[in-house]
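In structure tokens below, several structures.
Look at the two complexes coming up: chain A is in both, with chain B in one and chain C in the other.
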Partner chain A sequence: MHDIIIAILRSGTPLIYVTLAAVIAQRAGIWHLGLEGLMIVGACATILTIVATGSVFIALCVAIVLCVLMSILFWFVVEKLKANQIIAGLGLTGLGLGGTAFAVEAIFGTQAAVSAEFGLPRIGPMFGSYGVLSILVVLMPVCVIFMWVLLRRTRFGLRLAASGEHPFAARSVGVRTDLMRLAALMIGGVLCAIGGAELAAGSLQIFSQNMTAGRGFMAFTAAIFGAGQPIGATLAAVFFAVVGAAGIRAQLVFGDRVPHDLLLGLPYIATIFGIWLSAKLRGGTKAVTGFGELRDS
Partner chain B sequence: MTRKSNIETGFDRRTVLKISAGVAVAGLAGALSSSIAQAADGIVALVHTQAAGDNGPVDSMIAKLKQLASEKGLTYRAIYAQDPATYETIFRTLGEAGASVVVSTFNEVAVPIKAVAPDFPDTKWIQLFGDAFEPPMPNVVTVSYDYYLGCYLSGIYAAGVSKTGKLGFIGGISIPPINADFNAFKAGAQSVNPDITATAAFAGSFQDPAKGQEIASQMFSDGIDYIQTDAAATDAGIIAAANEMEGRMVSALDPAQFDLGPKSLIAIVGLDFGASLYNEVTKALGPDFAGGQHVSTGLGTGVIDFKLSPVFTAKGPADIIAKSDKTWPDVEKARAAILDGSLKVPFNTAL
Partner chain C sequence: MVDGDTIVLQCRDISVHYGDVVALSDLSVAFDRGKIHAVVGQNGAGKTTFARAVAGLVSAQNGQILIDGKAIPPGNVSGARQAGVELVHQSFALPPSFSVAETMQFGAQNRAVYSRKGLEKRWQKHLDALDVKVSAGQRIRDLPVETQQSVEIARALVTKARVLILDEPTAVLSPEGTAKLFERVRRLQEIGVTVILILHKIREVLAIADTVTVLRGGLLVEGPIDTSGIDAARLSELIIGPDLRVVDEDDRAALTGSAAVAHTTAMKEAADGPPVLDVRSLSTRVDPDGPALDTVDLTIAAGEIVGVAGVEGNGQRTLVRAISALADVSAGTIELDGVTMTDAAMKARRLAGLRVIPFERNVEGLSLSSTLWQNWSIRMLLERSILAFIQPAELRKRCNDALDIWDVRYDNVSQLAGSLSGGNAQKVILAREMDDQARLIIAAQPTRGLDIGATSFVWDSLRKAKHRGCGILFISSDLDEIMDVCDRVVVMLSGRIVEAFEPPYDLKKIGAAMTGLSK
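Up next is the complex of A and B:
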């Protein structure tokens, strides 16, 4: 049982951090499809910097700075150049996936996977079998609660939601909606960097091309599944991690009787069912759409 | 202010951006086609359908291609074709650019090669890890690998070194050749001990080390102590899971992986794609090219073999090394029997 919980925490933690980035972007009125790109940049920067400097702290700082810079670029393209959010987000993802492959080849002269001698600090043997988890796993619930307070119990959170849903109204009371979106994307950049760092250096200590394997898009889905609320989206991300682990368990238990392709598809079937159920339980209450009235300049 | 400026210039900001983007895309396309055209004389291209960075097949092919190009003074291109919809376009572009040899990998490129090769008879096409074409094409060579034979040897070895009698197999995706690898692995183990169990699981991707780690962790917690991998870049996560506790063993794919698990990566079922590419391209560039042929590569060719890790042999736990030494003659015996034809390993693709 402990092994299953550890597996869920390991696979769920990077997803939760990136899901929180999707939530804050969505509340600011931005459909953020660049999460995958930011996450892989966070993963790549963390491992390459650990290899180069031997410092996890510097590695996290570099990852955060790069992801925040890319988030500012995304904001500039979407907000100032009025580019389509979906296209710009996909472009950011392409930039991240291609840019990291290019960086590895430019630095090491090969496209091979890069492994670091150590990764993020573990919580240690005093926690028994959970000691293999990284400190970012422990910080994750704190981060979720912080985001809930920030978005639901602060003036900033209210203004952010207003900037996303009703920018006219927000501007009429003096809110700079463009700067609110910039702040949201920058916070999201920090979260994506941490999510990428946890994915690559939490237990693997490896960076390989495309290693995010669609997790940025799963985080985007979790934010929708969770109705754009930090707690709800976190639970959705945990649900994805649970069905992922259950899919593996199903392969190991039923793999000799049921086709593996069907078992591999179970998490996706469960996800579709879960989204449908979640919409039903909300009784038609609309999630934060994020569309707002953005193009009103 | 913006509107006034639009009236004066006749262009709004979006139009300017659209035109700029169009010019940039056109420029990029022009630069790429110009680059290929300039290198057309003697260009050898590798179109790989899995990403580089796997410490395995793709990396070794690119390395050997670079070596070959350096030795023969050729221009080479390594192109990652991620989207199957682009395969035919890429092949046609290379054909139109006058490439002398185009190498590509795995079964998914068979149909695009069949569509393009007849239009470019002067280009020699090589498909690595593919089935024979029916009917054969005079400028196409297909190469298949009897990797399952190496997996059979791994199964024999696993049965000898495993303490729990529980074995695992993690593949990238469930496709017939990988299913056959699992069945051969299981058959090899059960030829030593019929009571031994072998469990298969698939990551659904060849590029997801985190998923590989999740699957391997669950397998190890179920008492499995030896995992045969067949998952390219996903292998890194499987090895990472094995590194978390002594006594966990992994057999992977490529010698470049030895250092990833000094005390866990016990062996490899080596498939040297790089050597195979080197051999086939060398033949294609010389007078020995025999188009229309299918080359089947198995044990004893230098391309496929089951090998122990020298790093593990030096640093691994003493009790496992002792078991390994005791088991190795059985592996050698089975290899010899396969080579002389007295042992037939079934190629079973059903799971």
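Up next is the complex of A and C:
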């Protein structure tokens, strides 16, 4: 039983961090499909910096700075250059996936996985078998609650939500919607960096190409599933993690009778089911991104 | 210059352009403190732009706006709000998923972090103090428009507002709601708030305002003038200007809302035979566009214009959708020209002569990214087999002829519909929908957003169709227009037809029926 919970926490924590990034972006009115790219950059930067400097702290800082810079780039492209959010987001993902592969190839001359000698600090043997979990797993619930307070119980959160739902209303009370979006994306960048760091250095201490394996898109889905609410989206992410862990368990148990590929696809089938369910319950989520209202009728 | 102490808001030479379009040019005007000011003008006169420029939502290309003698930075909402300027929008700027309390909070300055209970308690006090009857925990999307407006006014008063601008606040209100709003405005005046009302009805201006300022085509015509020194006729002249079009007296009164409401032109040309439209005990399921219809009875004879009055959102859209085969009918029948069409598809109904001028010109009426000839000829596609060939060259030519007859101003039929102005776009729809085979024409808000010339063109067209023997269902939220054009008026409230009126109309009675007070 314990090993299942540990497996869920390990696979779920990176996903939850990135889900929170998806939530804050969605509330600000941005369909953020660049999460995958930010996450893998966070993962890659963490491992490479640990290898280069031997400091986990510096590694986290580098990952965060890189992801925030990429988020600012994304903001500039969609907000200032008015590029299509979906295309720009997919571009960001491509940049992350390709850029990290290129970086590894350029530094080590091979595309093989890079492993670090150590990863993030663990919580220690005093927690028994849970001691193998990293400190970011413990930090995760704190972060979820912090995001809930920030988005649901502060004026900043209200203004952010207004910028996404009704930009004209936000501008009518003097809110700079472009800056709110910048703030949302930068906070999202930090969260993606942490999620990527946890993925690469939380348990495995390894970076391999495309190791995020669609988690950024899953996080995007969880945010929609949770209707843009931090708690709801986190629960959706936990649901995906549970389904994923169950899929692995199912491979061990039924692997000889049920096709392997079908079991691997279980989380994705659950994702599709989740989207359908959330659309059915709410009639779909809406994010207004209108700039055309300022015309005299 | 006027004595600086009494002036609260002064505009000096403000000009605003949107691209090539000049919305305001060199407007200089000053408003006295503690009074109720009206700003009037036709559509496109620059009223809304003026309001938004003062509130900092649009940036004036040149000129200065001074509050209490101090210039506020242009295009800066926070700066304008700090100076005490608040704007209530025509279509309210409230995020629909927010609760009332959250709406108040997000524009306020105090307490960055809150608890939900504390928040609702705090703002409930504010709402109670302003006598807005709403619970702070309710969501905006669940509120009726009149309450939304009160909430937005309360929202505007969370800070120390000294100048409150209301942009066409009466457009969404019933006469009853308007009276309540005016009471509220007077109370605000008593506590020292200067109120600027953007209006377009002369009757309302004379009822509430101390001064009136007239804009036309982005220019100041006159003002502020004391309302005690001006009458409706003179004011309507200022608003319309030296328009060369000869406008019928009743039309003129309806256009400016200055009518003493004596309608003389309404008369039926009733013909024999079955009614063009016969709706009996029609009920529908709940519709995404409004409340369900509840046992609606409605007949329209050939050569008759029947108006549907009502506050928006009381089932007018559902009625149109039911007649055009879009809503789910649960009971009752619809007959067109004596033929039962309750379950018939739109194709059969169109072939029977149903034509629709829809509510949303740019969404339902036209495909803005298609060409004029495509938009114009789309209805013919229904009349033929789905596999029939089309000949674009011939359609273009026929479209060309039709649009010329309807006096559409355009370059060529291959230009996109989105490039036309509102009035011309509406004429394209008229050219398509008001052909010779039309029997029943549904005109849903056909004049909304049009200027005076285009508005009277639409009315003329409808009257011509009526003389040809068409039945017309005319839906509008403008009572003056309805009373001028229609031979009979029915009032919708919550999906039901609650009362019917024949000329001569009594504005008060219709208004009472709209709000459910007459029963």
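FYI, the second predicted complex is superposed on the first by the 273 of 297 C-alpha atoms of A that agree within 3 Å, B and C clash if a C-alpha of one lies under 4 Å from a C-alpha of the other, contacts with A are read in each partner's own complex, and residues count from 1 in each chain.
Operating definition for what follows: a residue touches a chain if its C-beta (ideal position, glycine included) is under 8 Å from a C-beta of that chain, and two chains touch if they have at least 3 such contacts.
Note that the structure is predicted; figures quoted are calculated from it, not measured.
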For this session: Considering only touches as defined above, state whether A:Ser11 meets chain B (first), chain C (second), both or neither.
Result: first
For this session: Return first, second, both or neither, reflecting whether A:Arg159 touches chain B, chain C, both chains, or no partner chain.
Result: second
For this session: Check whether A:Ser203 is in contact with chain B, with chain C, with both or with neither, and answer first, second, both or neither.
Result: first
Problem set entry | Contacts of A:Met186 with chain B and chain C, given as first, second, both or neither | neither
Exercise. Is A:His260 contacted by the first partner chain B, the second partner chain C, both or neither?
Worked result: first
Seminar exercise, completed: Between chain B and chain C, the one with more contact residues on chain A is chain B
Exercise. What part of chain A is shared between its chain B contacts and its chain C contacts?
Worked result: none
Problem set entry | List of chain A residues in touch with chain B within their complex | 3-4, 6-7, 10-11, 14, 81-83, 101, 104, 110-113, 115, 132, 199, 203-206, 208-211, 213, 244-245, 248-249, 251-252, 255-256, 259-261, 264
Exercise. Inside the complex, what are the residues of chain C that reach chain A?
Worked result: 18, 23, 43-44, 46-49, 52, 55-58, 76-81, 87, 89-90, 93-98, 102, 105-108, 111-116, 449
Problem set entry | Interfacial residue positions of chain B with respect to chain A in the complex | 13-14, 17, 51-55, 58-59, 62-63, 174, 199-202, 204-205, 207-211, 213-215, 217-219, 221-222, 233, 236-237, 240, 244, 256, 260, 351
For this session: Going by the contact rule at the top, pick out the chain A residues touching chain C in the complex.
Result: 149, 153-156, 158-159, 161-162, 165-166, 168-175, 294-297
